[in-house]
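Okay, structure first, notes after.
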Amino acid sequence: MTSVVATNQTILVVGGGISGMTAALEAAETGKQVVLVERNPYLGGRTVQLYRYFPKMCHPTCGLEINLRRLKANPRIQVLTMAEVTGITGGKGNYSVSLKLKPRFVNENCTACGDCAQAVQTEIDDAYNYNLTKVKAAFLPSIFAYPQRYVIDPSIVGGAEGEAAKAACKYNAVDLTMKEETVTLNAGAIVWATGWKPYDAEKIVYYGYDRFPNVVTNVEFERMADPRGPTGGKILRPSDGKEAKNVAFIQCAGSRDENHLRHCSRFCCMGSLKQTHYVQEAFGDEGKSTIYYIDIRAIDRFEDFYQKVKANPNVSFVKSKVARITQDKDGNPVCNGVNTEGYLRYATAHDLVVLAVGMEPEVKGVSIPAEVMSDSSGFVMADPANAGIFGAGCATNALDVNRAVQSATAAALRAIQVVNKVARAEG
Amino acid sequence: MAEMKTAAYLCKGCEIDKRVNVAALAKIATKEGKMALVREHDFLCSADGVALIQNDIDNEGVTHVALGACSRRAKTEAFNFPTVALSRGNLREGVIWIRPDTPDAQETTQEMAEDYVRMMCAEVKTMQVPAGNQKTGTIKTILVVGGGVSGMTAALEASKAGYKVVLIEKAAALGGWAAKLHKRVPTREPFKSPEDNGVADMAARIDADANIKVYLNATIAKTSGSPGRFKIDIAIESGSVVTEDVGAIIQATGFTLYDANKLPHLGYGKSPNVVDQAGLEALAKEAAASGKPICRPSDGQPVKSVVFVQCAGQRDASGEHLQYCSGYCCNVSIKQATYFKDSNPDIDTVVLFTDLRTPGNGEDFYRSAQNRGVIFSKGVVSEVTANGNTCTVQFKDLILNEDTAAEADLVVLATGSVPTSGPELEALADAKRAAESGTEETKNVVLQMMDKSVLNLDYRQGPDIPHFKHGFNDSHFICFPYETRRTGIYAAGPVRRPMDILQAQEDATGAAMKAIQAVENAGLGKAAHPRAGDLSFPTARLEGCTQCKRCTVECPFGAIDEDEKRFPLFNESRCRRCGTCMGACPVRVISFENYSVNTVGMQIKAVDMPDEFSEKPRILILACENDAYPALDMAGMNRNAYDPFVRVIPVRCLGSVNTIWITDALNSGYDGVMLMGCKHGDEYQCHFVKGSELGRYRMSKVYDTLKGMNLEIDRLMDMEVAITDMDTLPGKINAYAEQIKAMGPSPFKGL
Amino acid sequence: MSNLNEQMADRYKNNFLKEIEEQAEMGEWVKMCMQCGLCSGSCPTHFHSGWDHPPQEIFMLIRAGKREEVLNSQGMYMCTSCYNCYVRCPRKVPVTHVMHGIAEYAYRIGRAPKAQPTLHLSKTFWTNATKYGRVNEVQLTQSLYFKDGIGSGIKKAMEMQKEALGLVMAGRLNPMEALGMGHKCKDVSGIHKMLAKAEELEAKNKAAKADTAGKE
Amino acid sequence: MARKEYAFYPGCSSQKGASASNYLVSVESMCKTLDIKMTEIPDWNCCGASVSYAESGELPRHVMNARNFALSEQNLPGQTIVATCAACWLGARESKERLEHSSGLMADTQAALKEAGLNIKVIPEIKHMVEVLIEDLGYDELKKPVKKPLDGMKFAGYVGCQTNRPFGIANESFENPMYLDRLIETVGGEAVPYDQKVTCCGGALAFSEPEKAQAQIKDIIESAYDSGAEMLVTPCPLCQANTEVYQGQINKKYGTKFNMPVLYYSQLMTLAYGGSAKEAGLKGNVIRATKLEQFAG
């Protein structure tokens, strides 16, 4: 059984992405007791699936490493992975929270040696790589995974493969008898940092994401550019493995659109500008990028980055929302539309199209405890009536990483205000 | 203090015992490592293994533990012994996982493991458990500089958490820029209508808050001390100075609008009917107060048509005006446009923009303005001319692709923000140098620059926090927006980055969080980010100090002042424990309890050095523990083999690398040295800001030494490594090893 | 009395956007466009040949006050009523209807382009449909073919002879309709009275708006 | 009593001897099998169609549809109006939506209706025949009477525009609606995927801008051929007429050899339900669906 030490002065942080980790660390490094709950088997959330960050072109895993070191060094944070909040009762200063913990089938004995994976043949979709590839059904979600522990997929539990994994482990780390658990814990304040998900590109049917293999999303493109990704960092198009030297980026794929997401997702312009660097990096002057946009939203000092990309002769900008993608005989996706600066029609073939899909709250369309209040887009709002639950990061708004971390830091203080008050009251 | 008792533990798990002779390692730990206690275990990280170690600590008096097992990044929950000095020999990721399991490789693999055992033993013996200095200051009051929305928010939020606050505002009233606003951009659904600016309510809450002490008409004359014990001399209205003791500082000094007088081509100064956004707010307030519509300044007639010019003097690639986008101005112009449309829908209201930037729910606000009939045109304004009571705005309409013009009673220029961030420190230092023996004029330049100082820090490294880009006091770190180069001092709001009110409030709350954290940790002697919680701190053997000032100059965080005798004065709670001072010190008098010239130097010496005929070169790798070391680790996790002749020592930062390590290594027969550190320069990735840059600069001097020693300069290799280089790093190591082998053994070998 | 075009231009002075908002069906949506161009790119007519001004450009021209350019544009008449633009518009502008509305307005005030074939079809269709309450397909086809005169009409009819014959053979074209023996509503006079009233009310409403605008 | 009863609004093209008379014939056969009773709205009138926009203005167009609403509610109270023509359905639904949305428009409409001695109390629900089949009956019910599944026949379901946009069929996407494919599969046929399923046939522009419209039609037919379809199936009379009638002209202009029959879904269903060629109105196809005629025997 999983045991959790928590009191009404404990801060519960829901979501172990960069926002949740930040909120948890800031609170813990101020001396507070924190329970950090994450649905995935590892911490880090969506940022660690990015290859680089704009505008520095540095690697998200670099910050993750620091955050993990902070976490490892801090005894005040208890991390629960594969856990989801199923209910919240009580109020500010005294919540009772129930959690559902899915079995990992691997216990803390795991040394991450990988023997179980060697013993298993079954492959499952690799969620870490947005299902662009497969992993063994006994797997370490990524090389950066923390806890650094393997996971056994439930599909092989109860079968010969599960037994093989168990037999391969010299340390009794594979425990196929693990069951789903329900845990209830006490908390004084809750930080809700459940993050975002990429908008479902299939819903924008005229872009043919469901039909054309060479139409991918921006988050998938991050994996394609990452040397740890499914293509080993080579920008290859899915249909035929050909190098994708001529890449189109379609902005506002879902965002700023009342048929899809009403809001502007903020990060995607910068994201695509960044991704033109990947193309340049991979192919030099042979790499061509075209950005189809409505407005380039390179806000504040990000403008510098935009100006730099704009000055690159290998990147062109077309002010137009692409109207539809078709596919030519060679499997090239063709962008059709009208350049609105002047009236210029185009039907331009590219090797690959990247849809800059927007950001929607992870919990949109999923049932979350009614105590967590959200607006019409699904973003978590401050609820004055239930003043002990605070949103953080992209659960509250479409934010870039920097702003999400600011938001999470602020949320940590709001939570601390509550537990400090509890502490004062209890003397 | 208890007697030092050392113990080494060697794990046989994860096939370590299959790949290397663990008994031989144990012998080395005993004989060469001189460990008092040496134990082997089949599965050291298991509950049983951990209990074994803990039992030795509790009952055998073990004070120093050397673990030969997996990487220091692995199994940290199990190997958590906070009461003892701990070193870790990386036999798994560092040896067996990066070596092929072949009979050929066996010998060199064993040698590698043996060396790491020697190194961990050598290291642990030179370490002490940091005691922490708890006398660095226990004041928990937060100082907030600036009484605008950001400052007021920071003050209120800190107070709400139970902390006392001193709030300083240079003007006669709280409110800052927001107080000048007729209304603010909407902050909640449906994001359609401008809201009250909220200033009066916040100011009233501050008045009523017993935790918050406010100084109006006040500026900071001097800031001294460090987190937990800052002393703030406040110049108050009467001309006298009062002193407040505070533990941390939030600088929320806001911004001014870019001077529209620099934009004569846009008509500013040529017609009173051309205003900036502040001018328009003033007109709107005046109109609201008088109950009249907004009138044009030239003749007081109601405005019938208005044109907003976005990016006026902003996003200017020529460098003449602001290069950046101020981010908030699109929404502000939209808001101002609603002032007109809400009073009279027939007022012709046009916004000329090149990219309309309304992120997030700003899109709803944008739509609501369109719905009110505000016309948005994508166009570039070339000129605004005044003709009597109206203006002509010449612009290129980018959609209709033509040059055209619009007539307007009023033109509003969205000029953007300039941070109130104090003088730029490098420019100030240059000016000071020029003034040292210079004219009155050059001295006046310094005075003028100092006049802009906000904090007037008496730090050796200048009076304010360093600028980042375009004069803003932001952090360079994407993951760590509150990272600051002056510990315990946090910028908040538009002084750190252009931002709107809502963001500023969020930012100020975050800054209050960091300030509170800073005072809590200062009192406990704990380091701030990124080595949060580290209790070690640098001490100097002053009797050996030559007063060269390198440590005070190089400290990236301005932690070291000079005392009256010109010796370095360490302000521990400002220190971030990067060790740059230690690396800088030519006489090696600076050290940490658990990280010193010795902890690394002894490891270098501990490595067994084969003679020149063995064809077994030795290459020392000093790897940044934040990025390069994890990358090497993950190369191991991927079972990517690399050369068996390298010996890796993690360092806190390249900045902490003392040149003595390099010269000692080469002198003692190493054939090559590789330095692996983070990217430096404009897009630096060093977590200690300047550490890797300073370290590299220092190394450039070593090349001269190499020449002096008659050694090939390629025996020292400086490599930029990112954490993601795990797949390419082995190849680079191997290539370097080949290069060294081709060069032949070091002439110093065996001397 | 000056013509309707001059009256309207005068009443709305320089505010063409307002003129369209008040006088053209769904004209109030014009201001909501954000110039993304999705409508233009989604238009089937665009794929094959394009036209002088696509929808989003028409909207911009209206906002820029380019009255003559808009009213004379062929753009609106290129609409096939496929509603692609309508369902895709990220601002939910009912582009199809707006285009129809502007076309109707241009025609109403006599500024529509001359000899616009789709405009001719539109007129012909409505006249035909309202004459007896139901469409007389043969007469409709005839009047379409003969719009440019008898010679050209015969030519077109000859070109389509095979197709027409096919329809006749298939029982889907009744030549007797040409003689006015086609389908009719019973209460034709009621329909005519009803439509007359509707036209009267619509004209009154639009005129009232223009009057108010003119007085401002 | 029939299991379902509706007020039927056939529209101008679906009358005897009119361009979609075969549609009418097959719908009647299909409804008979499915036990659906369709009562024609007495003295119904034209919907105005989309293309009349320039001449009709706004109010007269709505008034035309309102007259049908009033007649339907007066004579067939409580019954849902069912249109078989996409344009009729769209016109009626648009008017219903607009009238219910705007009280001013409704008042003017009532004033005009009064001239014809009518008024509206409530506007009935309006459905396309396809909605009746899918929503009121469901695919399972539609499958039950199948006696002769159209095994081995390949159809391109051509949905076109106006049954699809802007209202569309519930739970279907505008860009790739599946209902027609499912109807084809329900009667045993194979629905081939192709990329012009919702391409516009040019609509009324077939008359006024024939070149543009025919280019559209060419794309549609070509794509259907390329995907291996033998016949096109559609729910819209104008789509049917345009895609069928102009194939000859297109062949002349582009040198193609199109000769693809274009059927109504109701014709397929009638045949699958065991109906004769006559009951399915197969004679009404200008490009004869010989394969189906043989199938019908």
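Every chain is named by a letter (A, B, C and D) in the order it is written, and numbering of its residues begins at 1.
The criterion applied here is as follows: a residue touches a chain if its C-beta (ideal position, glycine included) is under 8 Å from a C-beta of that chain, and two chains touch if they have at least 3 such contacts.
Not measured: the values here are computed from a predicted model.
By number of C-beta pairs in contact, C-D leads when C-D and B-C are compared. Taking the mean of each chain's C-alpha atoms, the chain whose centre lies closest to the overall C-alpha mean is A.
Work out the mean CA point of chain C and of chain D, and you get 23 Å between them.
In this assembly, the C-alpha centroid of chain B lies 66 Å from the C-alpha centroid of chain D. For the pair chain B and chain C, the distance between C-alpha centroids works out to 64 Å. Separating the CA-averaged centres of chain A and chain D is a span of 46 Å. Looking at chain C, residues 34-35, 47, 57, 87-88, 91 sit in touch with two or more other chains. For chain A, the set of residues that touch two or more other chains comprises 206, 256, 319, 340. Within chain D, the positions touching two or more other chains are listed as 174. Contact between chains, as defined at the top, is found for A-B, A-C, A-D, B-C, C-D. Listing the residues of chain C that touch chain B in their complex gives 15, 17-18, 31-32, 34-35, 57, 60-61, 63-64, 66, 91, 216. Within the complex formed with chain A, the chain B residues making contact are 13-15, 43, 45-46, 70, 73-78, 80, 157, 160-162, 188-189, 315, 317, 323-327, 353, 355-364, 378, 398-399, 401, 469-470, 472, 474, 476-482, 497-499, 503, 506-507, 509-510, 512-514, 516-517, 520-521, 529-530, 532-533, 626-627, 630, 634, 637-638, 679, 683, 685, 687, 722-724, 726-728. Within the complex formed with chain C, the chain A residues making contact are 206, 252, 256-260, 294, 319-324, 336-340, 343, 345.
Partner chain C is touched in their complex by these residues of chain D: 12-13, 15, 17-22, 43-46, 48-60, 62-64, 67, 108-109, 111-118, 161-162, 165-166, 168, 174, 199-200, 202-205, 207-209, 211-213, 215-216, 245-246, 248-249, 283-286. Only residues 25, 44-45, 47-49, 77-78, 80-84, 86-88, 94, 96, 100-101, 103-104, 107-108, 112, 117-123, 125-127, 129-130, 133-135, 137, 141, 144, 159-160, 162-163, 166-167, 169-174, 176-177, 183, 185-187, 190-191, 193-199, 201-202, 205 of chain C touch chain D when the two sit together in their complex.
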